[in-house]
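Chain nomenclature is as follows: A, B, C and D, assigned in order of appearance, with residue numbering initiated at 1 for each chain independently.
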C-alpha cells in the first residue's frame, strides 16, 4: 500500500473515532429519528412477498414491509408480533393465536383473522416453500372473531416446532389484495403491502428498491428511519467498494467476497460479524450419488471424508467465519445440537488410502484409482473454493475429480432431477428446527426433482423411523434425544457429508445503532434501527 | 516464397510478434518440465504475493495454486483454443464463403442469410447460449467459439471469390471444361487464401479473448488451468490482491499482441504494395 | 523565342531495388508558347515521370537528382513547396488519363472546378459559380448547369474528361500537361477530346505537353514530337519530320509496328460455315428488390453472324457495344437467353453444363488481360497442360505436349517450369494462346488479345496469330476495339453498337466503303488515319 | 416518406433472418439442462414440492410440446407480444425497455469515443506514416486491441476507483440521490466514463487501424494527385478530398460491429454492474428465461438491423454513387 493511501485510511479512522466506543455506550445514546438505511441487495428476486417465498433475498426486503405472526427476541425465543399470544391443545392438534388489535395494512384496511386464514390456507400451505411441508397436515384455520385464528391440524403439531418456524414461515399477506386472481401473478408480489414499519415505494429492477417510513405503524413512534434503500449490486467487489465509500451501510448474508470480508473486518469503520444471523446457519455439503456403485460403498465415502483436511481448508480459505461441522445439526442450534460426541472423519490420508485399497480400488496408471464428476452449486465463493479443494485433496489419494460447472438451473436439474452426478456440493440451510429443512436431506421417498432433498438414492429404514418419530414428538427432551440418534445414524452411514458449518456474515457500518439485536436480524423488521449522525 | 520471408523478416514489429509467439509456445512446451505438478493442485497458502515466497515467483491465487504454473500451463490452453477454434472457423468460413461466392444465385442468397443471421445475433450472446446448453468443458467451449467465429471469414472468402470468379484465369479454366469443385478448390482457393490466412490471426486473437471473457464469467472449463479462469477467480480478491487478475491478463494481452503482430507481418509480406507504407 | 518551359538534363532517381537506377536520365526538352509537344513512348519509357517531375508530383521514394526545369525564370526542380503550390493549377495545369479516378467521386463537378478559383483567387461564390458555368460551356458540355451539379459518376467518360479540361484551363495556365488524356476513352470520344484540346490550345495560346503512347494521336495533334525510351529522349523534332522520316532506329521500329488502317489483300474464304450464331440475345438485370427498380441492360440483342471455316471474323465496337458478352456467349461462359450458337452443326446452346464441358475442347478462348488470365500460382507448363489433362490425357504426356506448344508459340520450352509473373506481357499472351491451342480447337475466340500490349509487342503477337492460323487452319473470332488491328487480322468484320450488329461484310468493303453512319463515324474518328494510310 | 418506405422494405427483407435467429435460439435452448422453474426454485432456496413445480410449469406453458411452445411464441410475436418473463414477473417488453437505455447510452458513448479518437489517431498516423507518431499510435492500437476488455475494466476500477477514487466503481447513477436535470446527466456521465473506455477500447483500436489504412489507400488515389496538381496544400488535400473518402470504410464498419459491440456489453455491464441489456441477456440465459432471452435476441437483432439501416443511409449521404 502506498503511503498516501495509508494516510487517507488513518485520517478516516481518526474521524470515525467517535463511533469507536464500546457497544454498551450505544444503548445510553438517545435514538435519533430520520436517516436513510442503504442495504446491499445481491440477489434480485421475482417476488418480494415473504408469505409466498421463503428465502433470504425476500426477507431482506419483504421482512421490513410485511410481518410474521411470531418473531424472535434477542435471546432467540419466540416473541409476539402480529400474534400477541398463543396456546396449544393437549393433543397438539389445535393451536390458537390471539391477534394484535389496531393494526392496519399500508393501504389503510384493518388487519384481521381472515387475513391469517387466507394466508395460511392459500399461501403457506399451497405455495410457500417449506411452508407447504410444514403445514402439510393443516386442515383449516377457524376465525371465531376478528382477533382469533385457530389452526386445526390432522396430526399433532409440536408447538415448539411451529413457533420456531413461524418467524420465517409465518408472514401474513392482505387477503383483500390477493383474494381475486392468480396469486403468483399478482402485481403486489413485487410491490408488497404489509403491516410493517416500512411502506414499499419503488422498485427499479436491476438498480434499487425504496421503502419509506410507515407513519401508522402499530409500535408507537417507530420506526426511527425515514427510508430504506436497497441497492442492487451483483458484483461483490463493487459492493465492497460502495461499502467503503459509505454508499452502502449494511451488507447481509455473506454477500461480499471472503477476501473483502476479512479486509473490512480489520477496518475500524465496519463491524464484520456473524451476530444477528444465528438463526441462519448453513453447512457445506458433499453429496454422494448411491447409483454409482463406487460411492454406494461406505468405505469409499468414508475414505473421501478422511482424505480432506477440513481444518486446513477453513483456516486458509474461509477464515474466522466458518468452523468444522459435526453433522447436519449445527452447533448454534442449542435446542437440538447433540451433547454427546458423534462419529467423525478426521483428516487421515493413510486411512483414506487403506479404505480405498480395501474397497478394491487399486491405483492404476498415473496413480489414479478412479474418476468422479463433482458438480458444485454455482452460488457462493466458498462452494467454488471447496470444490477445488476437494478436487485437489482427492487427487492426493488417487481419485481424479472432474468439476462439472453448471448454472443454477442446470445444477438443480442435473443433480436433483436427472441424478446425473457422482459428487455434488452446495449448502444445506438449517432453519431452527431439523424438521423444517434438514430431515428432507435424508428421508427416503422424496419426490424426484425436489431440490435439496434426498435424491442420492440412499434409503435407510432406521433413519426414516427416527425422523418420523421426531416429527410428531411433542416432548422437547424426547425430540432432542431422537435427533441425537438421527445424527449418529447419518454420520455413520454418511449419505451426505456436512463437514463445515457457517453462519452468514454481515458487514455493518458502525454508524448503525441497534443492529444485530436478534438472531434473524437481517430478515427482521428493523423497527428499532437508527442511524447516528 | 523467399521474397515473402525476406519481406517478413525485415519488419521489426513482425519479428517482435514472432519472437513473442515463439516464447509463448516455448512456455506451453516447457510447462510440463518446469512445473511437473498439476497446476490446479494445492501448492501452498493462498494469496501469497509475487516475489514474497521464492517457491512462487508469481505468487499463489485464492485457491492456493501456483500462479506461475497456471500461466505456463495456461499458455497451452489459450494456444490450443486459439488454434483449434480458428481452424474450425476458417474451415467452415471457407466452405460457406467459397460456395456462396462461386455459385452466386440462390446458393449465395441462402448461405448469406445464414451468415447474416449469425452476424446479426451478438456473437458473445450466442456463445453464452451455446455454453449454457452444451456445458463448459474445453472441447465444447472451443467448438462453440469456432461456431460463432466463422461468419467473418465466410464473408471475406465470399468477397475474394466474387472478385476472383470473374477473373479471366477462372473463365479460362471454365472454357477448358474444368469442373466447379476443381475450379473452387484447386484454382481459386489458393489465390483467395492469403487474405484469409492473414484474417486467421484476427480470428485467433478474438478466440483467445472470447475464451477469457467466458472464463471471466465463470463459464469456461474449470478443470484446466486457463488464464481467463484465473482472472475470473482473481476478481474476488481484486481490490487488494490485484496481481491474481493482472498477471494472467498481461499474459493474454501479450499473446493476442503476438498473434496480431504476426498477422500484420504476414499481411505486409503477402501484400508487398502495402509494405512500403 | 525562349521556351515557356525548359527541361535541361533532368535526372530522376528510382528507389533502390527498382529495375533501373533512373526513371529519367538527362532529359532535355523545350516547350514553346502556343505549341503542342507530344512525348511518346512505350510503357516504362519515363514519359509520365517527366510530367510528374515538372509538377513535382512524384511517387514517394522517387526524387529529382539533377538538372533543371526552368519556368518563368524559376527552377522548378529546386523550388520550395509553397512556390510549387502557387504554380500548380494556376500556371501549370494537368489533365490525367483516367477521368473517373482523377475526379473526387464524392464531390460535385462544379465544386471541384470551383476549387481552382477558391485556392488561387479571391472571387466570391457567385462569381465562381458563373465562371464554372462558362468553363463548362467552353468545353462543350451539354447542359453546363446540370453538369456542374452532377457527381463524376453521373457523367459519361468523355464529359468527365471535358470537365477535367475545364478545370485545368480555369485559370488560363501557361502550360497544360496532358498525361494520356484520351487513352481510357472510346475512339469517337477520343477524337472529340483531341479536337477540343487542340481548339482550346489554339484559342488560348497555351503550351501543351502531351504525353501519349499512340502514334495515331501524335499524328493527329502534335506540333513537335519527342520520343522516349528507357528514360531518355532518343529523338526530337517537328511532327512531320519524326513521323515521316524518323532518324532513330527505335522510332522507326515503333512507327513500323503501328498497323495501317487499310485492309490487307483479301484471302479466299471457304463457303462452309463452322460457327453459326442465330439471333443470340442476352440481357442483364441489376439491382431492384422483388423485381422493382431494377435496371435492364440489353447487352446483346439478336446477333446473327456466320464464321466460315478457316476465316477470321472480326467483331469491332466501342466499350459497351456487347462484343465481349457475345464472345462469352459463344463459349458458354455466359448463358445466352435466346437464339442459338452451333459449332460445326452441333447446337451448343442446347447442351447441359456437363455436356458442354465435354465439348469444350472444340471451341477455345484467348483473353485480353495477360496478367489476369493466368493463375499466378501455377507453373506455365501446367497451365498449358491442364486442358488436355481434364480431357483425359495423362499428365506426363500433357506436359510433354506443353513443351511442344511453347515452341510453337515462340517460347523457350525450358521455361515451362516458371511461374506467370516471371514472363513479360507478350510472353504471357503467348502462354494463353498455347493453352487454348493445347486442346486443338476448331474455333478460337480471341477477346481483345493484344489491347493490353505495347505496340511493338502487339505487332509480334498479331504476326504469331496470323502464322498459327495458316499452319493450323484455325477459324477465328477476333474481338477488338482497335480498327487498325481489325484491318490487319480479319477477313470478315462485324461492327457492333448497343448490342446490335449495324454492319458486316468483308473487311476491305466495310473499311473502304462503310455504309452505316456509325461505321463511318467510327472510321473517321481513328486518330491520325491519314498518317496511318500513308504508312 | 421515402426513408420510411425504405425502412419498411429493409425490415421486410430482414424477416427471414430474424425468424432464423429466433427459431434457432428457441430450439437450442430446449436442449439446455433445466428450465425457468428450476432457476426459480434455485432462487427461492428450496422447500418447493414437486406438485407446485409442476403447477408452475403448466402456468408458464412449459409442459407443452416443443412445437406447440414454438407455435405459441410465434403467434404472440406476430401480434408484437414478446410474452411474459417468468423470472422477472413482468411482460418481457417492460423488462427490456427498462434495461435498454443503459445499453444504448453505453453503446453510443463507446461508439462515439472509438469513432472520434480512431478517426483522429488514424489520420495522425497516416499523415506521419512510418514516423514516430505513426509507430506510437499503431503500437498503442495493437495493445488496445490485445487487451481483454474485462481485464482493462477491472484494472481501471483498481486504479481510478480504488486507489485514486476519481470515478465510481460501478452502477448507472447515484441511487436515491434525487439528482435531476444537469446534475443527474453529469452523475450518469461520470458513471459511464470507465465502462465507455472499457467497451470502446477494442473498437478504438479497430477504427484506428482501418482509418489509417483507408487514409493511406485514398492518399494513393488519382484524385488526390489531381488535388495536389490544383495547388492545394496537404492539410486541405486531407480535409477536403481524402477524409470523406477515407471515412467510407469506417462507416461500413459501424454496421458490421454493431452486433459485436452488443456482445461486448455483456461483459462490460457485468464488470461495472450496469443495468443494461447485456447483463439481462446473461441473466436470462442463466435463469432459462426463454421469453426474455428471445425478446432480447429479437430486440438486439432489430437494433443491429436498424444500425445497419442508418449506416446505409449515412453511407448513401456520404457517397453519391450509392442509392439506398
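To be clear about the criterion, a residue touches a chain if its C-beta (ideal position, glycine included) is under 8 Å from a C-beta of that chain, and two chains touch if they have at least 3 such contacts.
Since the model is a prediction, treat every value here as computed from it, not as a measurement.
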item: Chain closest to the middle [Cα centroid of all protein chains]; value: D
item: Pair joined by more contacting C-beta pairs (C-D or B-D); value: B-D
item: Most widely separated chain from chain D, with each centre as the mean of CA atoms; value: C
item: Geometric centre distance via CA averages, chain D-chain C, whole Å; value: 49
item: Cα-centroid distance, chain B relative to chain D, in whole angstrom; value: 22
item: Centroid spacing, where centroids are CA-atom means, of chain A and chain D in whole angstrom; value: 39
item: Distance between chain centroids, defined by C-alpha means - chain A, chain B (Å); value: 44
item: Chain C residues counted as touching two or more neighbouring chains; value: none
item: Overlap residues in chain A, where contacts from two or more other chains coincide; value: 237, 241, 406-407, 410
item: Multi-partner residues of chain D (each touching 2 or more other chains); value: 32, 157, 162, 270, 285-286
item: In the complex with chain D, residue positions of chain B that touch it; value: 13, 113-114, 116-117, 119-130, 132-134, 205, 209, 212-213, 216-217, 228, 231, 235, 238-239, 242, 245-246, 249, 252-257, 260-261, 264, 274, 277
item: Contacting residues of chain D [partner chain C, same complex]; value: 9, 13, 221-223, 225-233, 236, 240-241, 244-245, 318-321
item: Chain D residues touching chain A - in the complex, by the definition given at the top; value: 32-36, 38-50, 52-53, 56, 59, 86-90, 95, 98-99, 157, 161-163, 169-172, 174-176, 270-273, 275, 279-280, 285-288
item: Chain A residues touching chain D - in the complex, by the definition given at the top; value: 2, 5, 36, 38, 43, 45-47, 53-57, 126-133, 182, 184-185, 189-190, 204-208, 210, 227, 229, 231-235, 237-238, 241-242, 247, 379, 406-414, 417-418, 429, 437, 447-452
item: Of chain B, residues touching chain C in the complex; value: 167-169, 171-179, 187, 190-191, 276
